[in-house]
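Structures given as structure tokens follow.
Next come two complexes built around subunit A: one with subunit B, the other with subunit C.
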Partner chain A sequence: MSREKRWKQLGAVAFLELRRLFFGRDGLTAFFFAVLPLVLMTLVVTIRRQPIPGGRVEHDFAILFQNLILQVTLYLGCVYVFGSLIRGEQIAKTLHFLFLSPVRREVIVLGKYLAGLVLTGAAFGGFSVLSYFVLLYGQGTGSLTAALGAGGVGHAAAYFGVCLLACAGYGAVFLVLGQWVKNPIVPAIAIWGWEHINFVLPEVLKRLGLIHYLLSLSPVTVDEGFIAVIGEPVPVWLAIPAPLVLAVGLVALAAWKVRHMEVDYGVE
Partner chain B sequence: MTVRARNFRPYVGAPTSALARLLVLPRYAYREVFKAKLVTGLFTASFIVPVGALLVVWLKHNLAALARTPLANGLSFPIDERFFGFLLLTQSYFAFALTLFVCPSIVSPDLVNGALPLYLSRPINRWQYVAGKLLVLVLLLSAITWLPLLVVFLLEASLSPGSWGFTNISIAGSIVAASLLLVVLLSLVAMAISAWVRNPSIARALLFAGAVIPAAIGRILGRLLETELGRLLDLGAAWGRVLEGFFGIAVRSGGLPLTGAWLALLSASALALLALHRKLRAFEVVR
Partner chain C sequence: MREASGQNEIVFHEVSKFYGEVLGVDRVSLSIPAGITGLVGPNGSGKTTLMNLATGLIRPTRGTVSVLGVPPTDPERMFETVGYCTSFEAFPPGATGRGFLEGLLSLRGDGTASARARAEKALFRAGLVEASSRKVASYSKGMKQRLRLAAAIAHEPRVLLLDEPLNGLDPMARAEVIDLFRTLAAEGRHVVISSHILHEVDLLADRVVLVKSGYVVAEGESHGLREEVAERPMQVLVRCDLPGVLAARLFSSGLVSEVELHEDGGGLLARTRTPEKFFLALNEAVTGGAVLIETVTPADDDVKAVYRYLIEGETVS
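Showing the complex of A and B:
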């Protein structure tokens, strides 16, 4: 089969999955998690009568980005969306329809992963940037324009990029987990625990957590308290490819696994 | 006997007591719960800290056992309310983990498989059903919270000279009161979520999300709005504040008012009861 045909098939699978996610419960849940920081920022800007002191805005948003978006909402959104890409079809007993179509299974997995990545990347990246703009806008008339002129655009792009990398990395992890375990929530909690304690781990172990690479790319560094073990941030040339390499490796593993997968709804 | 003569007559034997009927639910539930290796492992692991505490208390009063160790001069920290407070704080994490894995698997299947009408067609009403399921968790969580801590307390009371036990009887009261508050809160909230979403995996995810999202939101609201009231959303912080009140230990509850913390915990329990009242019915409207 020609390469062009494969690309077409990939696009068709991705589009089909994107539509399923967009109108389904999984996509709605991801949107709920993605929109949460924006709602919070709008609430803060509405309730707060005085502007936040100048230097603190960037720092406060960095805290929100690190503590709420990266470690909670984006993580849970990825668990939900990517964990159910294969597992959800198995529970709904619809996986065999895809497997019976004349498309290689690897293409199906890749298409599904790309659809999940597009949805979560756009939702979490987009709403994070919007939250950032809302917080800047809440500081008074013209403050948004001034902040954007003073490096705000770069920061917004960096936040979007970090979200995209996080979705790629975590997404690949949960895609594989969704294939290997029946209930991905248990390993998801274990991984969350590992990522959550990353700040107290020694330098060598820090590098085993995806969050370390993502935080190294964040435009503003946040002080993690007195119990944190301070480690050198990973250089950009390593911090960007590391989540991508992880994602490629895990998607390849998922593709290998799906090749040998037998659909047996009876054991569900 | 003809078919016409087979008419139904009321039961004339001695009825079982309400409590006996209630205990049927935990009896079968425990059989299911401990089939999972993860739950058995977690339940066993929950005793590591209390057993360690028993050892610490014993060593504190048996200096001879420490003679050839670097701690020959004895253990420097006192066995007081703070000691028990930290013990309970540690056990509360185990209690949460156990609730996360046990509760959805005992409530959701009854609703998904339409078993509730079958339960309620027996001489058991809705609240007895709730109490029966609640009892499963209450007994399980009690076994890892106040019961082992009271054993530690009794050991300390028996080994200490004088009337340590009577002087510090308030510690035992605090252990029981704080533990029961935790146990009832965890059980009700977990049951309500399990009944609401009906899918054990999603219920677990929601319980987990319910623990971490409000905590993060509370911290951020506290920073941006310069108020600690945002942390009232965080039931973990509210529970920490209540522990501070009971045992005088420093938990990262971020300066929450004690009354507010109590109100948050009681409101969450009341909301959970309301959710259970709405969701646990003997009939279902299918649209």
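Showing the complex of A and C:
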């Protein structure tokens, strides 16, 4: 089979998956989580009459980004989207349509993963950046333009990039969990707990949490509190490829699993 | 022993499938040539398991399967030539009939125009053009069945596996779909139809494979299947002028195990384990002028009779 045809098939799998996610409950749930910080930011800006003191805006948004977006909404969105890529189709009894096509199962997994990444990356990255802009805009006339001129564009790009990396890493984790575990919520909660205690872990163990690499890439550093174990941030040259390497490894594992997968939905 | 690499056949070679400790099928060896083959058996007998094995949806615990020489582990090659109409009822959410088909064709690498044209042709053949722009969720059971059929034939496969394809179709639609199967078989394709409704298969199939509790209990041409049950008595209906005389003659020759005389006195129903000798004896009776025979009809030389013998363990009355 030609490489061109395989690329076409990859695109077709991704397109069909995006359509499935748009029309399905899991995609809508992820969208709800993605839009939540924007709604919150809009409410804060609307309700709070006085501007946030200078210099605090970036800091406050970084707190929101690191604690609400990265560790709650994006995380949960990834559980729903990536956890359902294979498992969701098994439950809906539609997986066989893909398996009965002349497409390598590895291509199916990759296409689905990319669709999940596009959806979550665009939604969480996009709404995070919008939330950031709304907070800046709420500080008074011309504040948005001024902030963007003073490095805000770079910060926005960094937030978007961190979201993409987070979706790539967490997405691959939940893609695999969705295949191995009937109810991925339980291990998802366990991983969530591990990621949440990362700030009190010793340096060596910190590096076993994806959140450590993501926070190292955050454009604004936030004090993690008096009980936090202060560790060196991971350098950019390691913090960027680490989630990607994790994702590649886990997607390969998912592809291996799907290659050996049987579909009978319990019939006969 | 059958070759596991038949280039023009669907080949099961010593295939067993267990779901944990539950038997799916056991030691199945089959070679299915072109034409219409009926896979007949009651629910849970292993028909769907055989089709799923052939298409790689499930893997055999033992043995090998190939379709036109291609193993199911090579989906890129296999599904260029195989179409499978499953009995799974679900469809992806939000899709229209046409959009669903075009999506499937795009997976094959078809461009937009090609996918549209092939989808249109498949919809036409399945009789679903008018409803093709509606959401699949609004389809009736019969329309969904047609759509599954359209999906299976859209890429014009050489091999069609159809799991209970007539389920949910009204009589008119059944007739149309049966005609379609005949057309597809006449084009030289392999058409394998599973069903638990016997008369459908009996009318349609060139060959029949009977499956019971995971085992193939008989296979062969529809009418030739009688030979598969040689240990069972064959029933023959004889209309003649002197049934009592004929019955006595047959009994004395030891060629029948049981004879029932018709109430109208114009015939009998005989059960024999040696049909060839039985028919010879009938000929001798006629040529010897003992009786005048009007008609001789095998009373159970159809799939239904064999099915009853083998699957239900009944004697046909």
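In this text, the second predicted complex is superposed on the first by the 265 of 268 C-alpha atoms of A that agree within 3 Å, B and C clash if a C-alpha of one lies under 4 Å from a C-alpha of the other, contacts with A are read in each partner's own complex, and residues count from 1 in each chain.
In the analysis below, a residue touches a chain if its C-beta (ideal position, glycine included) is under 8 Å from a C-beta of that chain, and two chains touch if they have at least 3 such contacts.
Keep in mind the model is a prediction, meaning the values are calculated, not measured.
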Three-chain arrangement built on subunit A, subunit B and subunit C clash or fit: fit
Broader residue contact with subunit A after superposition on the shared chain, subunit B or subunit C: C
Touching partner for A:L100 - first (subunit B), second (subunit C), both, neither: second
Contacts of A:L215 with subunit B and subunit C, given as first, second, both or neither: neither
Touching partner for A:L36 - first (subunit B), second (subunit C), both, neither: first
Contacts of A:L177 with subunit B and subunit C, given as first, second, both or neither: neither
Which of subunit B and subunit C A:L16 touches, first, second, both or neither: second
Contacts of A:K8 with subunit B and subunit C, given as first, second, both or neither: second
Touching partner for A:Y265 - first (subunit B), second (subunit C), both, neither: second
After the two structures are overlaid on chain A, angle v-u-w for subunit B, subunit A, subunit C in degrees (C-alpha centres, nearest 10): 90
Shortest CA-CA distance between subunit B and subunit C [superposed frame, angstrom]: 12
Sites on subunit B touched by subunit A in the complex: 38, 100-101, 201, 204-205, 208-209, 212-213, 216-217, 219-221, 223-225
Touch list for subunit C against partner subunit A, complex: 19, 24, 44, 46, 48-49, 52, 55-59, 75-80, 82, 84, 86-95, 103-104, 106-109, 151
Residues of subunit A defined as touching subunit B within the complex: 36, 40, 44, 47-48, 52, 60, 63-64, 67-68, 71-73, 76, 79-80, 183-186, 188-189, 192
Subunit A residues within the subunit C interface of the complex: 1, 5, 8-9, 12-13, 15-16, 19-20, 22-24, 92-94, 96-105, 260, 262-265, 267-268
